[in-house]
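In the two complexes below, subunit A is the common chain; its partner is subunit B in one and subunit C in the other.
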Partner chain A sequence: MAQVIFDGVTKRYGDVVAVDDLSLSIVDGELLVLLGPSGCGKTTALRIVAGLEELSAGTISIGDAVVNDIDPKDRDVAMVFQSYALYPHLTVARNIDFPLRQRGIERDERARMVNEVATMLGLDPYLERKPAQLSGGQRQRVALARAIVRSPQVFLMDEPLSNLDAALRVQTRADIVSLQDRLGTTTLYVTHDQVEAMTMGDRIAVLNHGVLQQVAPPQELYALPANVFVAGFLGSPGMNLVPGRLDRSAGGATVAVSGGTVEVHTRVHLPADPDAAVTVGVRPEGLFVDPHGAVGATVTIVEMLGAEAHVICTLADGTRLVVRQESTVPRPAIGEAIKIRIDPDAVTLFDTAGGKRLEERE
Partner chain B sequence: MTTTGVAAAPSRRRASAGPRRRRRREAALGYLLVLPAVAAFAIFVFYPFFNNFRLALYQTPPVPGLPSRYVGLHQAGHVLFSNAYGFPGSLLTTIVFVVLVVPVSLLIGLGLAVAAHRRLRGIGVYRMIFSSTVVSSVAVAALVFGTLMNPVVGFLPWLGINPTPPLLQNPTWALPAVAVMTIWQFLGLSFIIMSAGLQSLPDEILEAARIDGASAWTRFWRITVPMLSPTIFFALVVGTIYAFQSFGQIDILIPFRNLPANLHVNVLIYNVVNTLTQENNTGVAAVMSIALFVLTLLVTLLQMRFLESRVHYGR
Partner chain C sequence: MAADRTTSAVAPETTRAAISSDARRARRSRRYRLTGSYTVLTVSAIVVVLPLYITVVNSLLKEDQIAHQPPPLFPFHPQWHNYSIAWTQGNLGFYIRNSLIMTVCIVIAQLVTSILAGYAFAFLRFPFRRTLFLVCLATLMIPFEVTFITNLTTVTSAGLFNTYAGLAVPFLATGFGIFLLRQAFLQIPKDLQEAALLDGYGHWRFMARVAVPLARPSVAALGVFAFLAAWNQYLWPLVATGGTTPLDTVQIGLKQLYGTQADQINVALAGAIIAFVPLLILLLIFQKQLVRSLTAGAVK
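Showing the complex of A and B:
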């Protein structure tokens, strides 16, 4: 068990900066998810911990030791790859045994450890098979078994579920969480899937263009996104972001947006400029189709998802809005002009220029 | 089916006859298109190949102009099981030559491929150099090696490697010297095959092995080589066939006219060509060339039988 600390870690490939001055601590025993769109540097960050990439600047520590110059095999980390990276010519048992063998553990002890892990992951019937004879889910479990068999200090997982079908992914997601919880091993988990991140992570670190955007527990990240990127990336669908202009003429504060006005609480630090450009952020569940609403919009699509429906509409200036409503609520017709009511408590304001969330006042 | 609408039947028949006729037309066009290739093969490969079996059954007359005499398998037995035409010696020489050439060129090819399989600046130049031997002509290469080994002006004698008699006339060293040149010549292809194999290996598996604690040595022998085994097997088969057919370099480096009896470079194909060109003995040459064909076929089949079961295909 160990903590992992990125301190000012930068990785450049020529002129491209893959990871930009990343400082981040993963607490001992925590499952931290690195989340971001593809190409955001999350896999590079993971490979830096594994020792597969050298740093351009900064330090990386595992436990109390700086490991910048330490070989991958001496870092005591285990990695699960997206492609599983099983040894195709070895049986399942030999695959799981491989890391133990490299450590010179005695044969009987190794056999005992392999069997124990195989039982834990339900792999007993497949021990003598080759990876090519297994299904995707089974291969994935072999990769997990190979990682946990030697009780490393840190697990590194690079999108381990993205090659599984949807049903199996949900199942395996839960399995990994309970396994990690039971073993208590510090885990760094990379994914681009925000549902995976939300459901699995103790905390989530959101990366974009190699820059850390925010680190927080899932609920905090959802409720209080640090900037418009995090707001739009998290949630399915993401937060609605509507450009507008602040209006403080009437004493209180409203934001004029295309097709209406949005009332906002004055609890936040509003910009000094009385008609500053701000972005109104509202989660789809904070919007309601309501004849008394203050913003006019036109319905473009209605998506029915069983328990809920997404009413997708556009404002006069083309900005897209998604309204989430219960499936029992009557749904508007496509092309219909509707009014949208916005729950003032659900509104998050962002500074349009910098994209940062306007903080609440104490 | 018999009762469903009489009117529908004719149209259905038309519908099914149409595609069948079209398929037949397409097939005819296909045969027409492969005809030139088949004709060329028939004239230059199939006819000589089968005619060779016929020639092997006839004894070539000692004096040109007399008719060939049918002797059946008698001639074949005489050639293969007596020393009259040097066949047993040729067979042994051929096997020694293949054993000298193939493993070494595969090992060096693999070594160079592994060395060149890195992302280093200027590595492309090395790759080009390593693979260049495959495009150089046997004749040119043989002349260059002949010069290198020349007892008077050669580079090897200059280095102090100058046995008496000279390398290419030395009973001990002549065959290894030719083998070295053949290894060099095959190295390019061996390197290219091995490089292609290496490039198809997923990086992630080797990275997984690194993280799992495997040393470079272990990664090479326990991961790279087993995963590369289909490639190595392919190179082995190709290399063996190549070595069996080596002729040009021997012919150029050691002309038949100067061939002392104790100089063991008389590989099968060399013997075949010389029996044909120097002695005009078509029948005996035919027997020996069939023997070479059968030998190559057998070795390839044996390799497939015994090695392929140890080759790891599939991911």
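Showing the complex of A and C:
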């Protein structure tokens, strides 16, 4: 087990910068999720740790050693691929045994290790089957077993759940978390699925266009997004972002948005400019359909999700808002003009020009 | 309203009738298509198999029956001793041994060179990779006859004239083999190579443990093709051995059998069938792999 440190890591493909000056440390034993949309550089960052991509600049360390020039096989990392990358001509037992054969371990000892891992992952009944005879979930577990059997310093997982169906994904992600917890192996986990990231990560690092946006524990990331990208990307649906203009005429602070005004707390560092452009961010659960609300909107869609409903409406300027409601609350009709109340405690303000969150005052 | 009801009562029946007539038409057209395909296949099979059949029949006839018009289409009194005559008088055991030695050398060498070069073109990055591959492909377009004299002078000047090495050396590597195996290796997902790399397997071990086992149908097919081509060679062994020496191969042996037994075509044909047996065994064993490699990539 070991910590992994990215220090100023950059990867360029010609003119395209896939990873841009990434500095990030993954603590020993931690499960850190690299999260971002497709093409954000998260898989490239993972492959850099594995040694499958060379760095354009910066250093990468595993444990206490800089591994820039160390071969993948000597880095003592194990990777679980999105495609599982199982050897189709070998049985499950031989697949799990594959990394051990190279290490000069006695045959009996290898068999014992394979059986132990197979039992841990419930693969005993399938040891003599070929990968083609397994279901997606079983293949996924074989891929995990092959990674675990070596007891590497670091696990690298590249979207390992994306080929599973929804129900199995929920089950497997819980299995991976408890397995990682039990083994205590430092794990770097790549996904584009923010629910996966929120439920699995000790911390989440959000990447966009190769640039690190924020690293924080899931709850902090959700409550205090560093910028509008993180705010919009995390949460399902993401944070509502409404363009507005600061208004201090009434002594306190309000933000004028299309369709009404939003009251905000003045405990954040407001811009010096009294009518600065700001972006009001508010999670769907901070909005309420209320006849006494301050912002007018028109309902466009109502999505029923069982326990809750999403009321999707538009403001006069076309900005889309999502309001989360308990399913027991009466739902407005499509096309209805409604008023929306915004909980001032739920409002996060962003500087429109830079997209950064306005910090709270000490 | 009454009229409406009548229309709606009639409508489903009309629809049903239309559907069943459509289904009938579809069934009929499928039947025609099937009949057509089977007719074409049967005719092709006859065209391919008939000469072989006649050879077998003639090899079992008496000499005077062959000249008979029309020739018999079935050997009612098969002359099995034609085969023993061909074997002993034609000295076929000796020729087949020579052919086997040459052919096995060529097959093994072609498999080794094609696996190595095909792997390199598929998995390694090196300067002029594309150009070198195109050069390999270009050799496919040059008939052997074009390089025949050059090969002969090279082999002679290397002191390999009339040796097993001289028989085999021009065929140790082929553009076709390299191309076939490169394509097979390209089908292997890159993830597998990377997974093996992380598991501690370098190129040699990955090739032996993963790439070649996965490309087995193509490797087997290449082995069969190489065997066929080497076994059926006539011109090169004839020239490279001088034609009258102890290294002659089975095809030259057959020619000599025909030359010495000109009045016994049945015996010569029995010899041809004997020479064909090793190929037949090979085809039967590797039939599945051959079909799989020929149709690989056809449906995707």
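A few notes on this one:
One rule holds in what follows: the second predicted complex is superposed on the first by the 362 of 362 C-alpha atoms of A that agree within 3 Å, B and C clash if a C-alpha of one lies under 4 Å from a C-alpha of the other, contacts with A are read in each partner's own complex, and residues count from 1 in each chain.
Assume contacts are C-beta pairs under 8 Å (C-beta built on N, C-alpha and C of every residue); 3 or more make two chains touch, one makes a residue touch a chain.
Because the structure is predicted, anything quoted here is derived from the model rather than measured.
In this superposed model built on subunit A, subunit B and subunit C take up the same space, so to speak, and clash. In the superposition on chain A, A:50 makes contact with both subunit B and subunit C. When both complexes are overlaid on chain A, the residue A:241 reaches neither subunit B nor subunit C. Of the two partner chains placed around the shared chain by superposition, subunit B is the only one that A:131 touches, whereas subunit C remains out of contact. In the overlay built on the shared chain, the residue A:280 is in contact with neither subunit B nor subunit C. Residue contacts after overlaying the shared chain place A:289 against neither subunit B nor subunit C. Touch criterion met: A:103 reaches subunit B and subunit C at once.
In the superposition on the C-alpha atoms of chain A, the part of subunit A touched by subunit B in one complex and by subunit C in the other spans residues 50-52, 72-73, 77-79, 81, 83, 85, 87-89, 98-99, 102-103, 146. In the complex of the two chains, the subunit A residues touching subunit C come out as 50-52, 72-73, 77-79, 81-83, 85, 87-89, 98-99, 102-103, 146, 150.
Those residues of subunit A that touch subunit B in the complex are listed here as 50-52, 71-73, 75, 77-79, 81, 83, 85-89, 98-99, 102-103, 130-132, 146. For subunit C in complex with subunit A, the residues that touch the partner chain are 189, 191-192, 194-202, 205, 210, 213-214, 216.
Of all residues in subunit B, those touching subunit A in their complex are 202, 204-205, 207-215, 218, 223, 226-227, 229, 312, 314-315.
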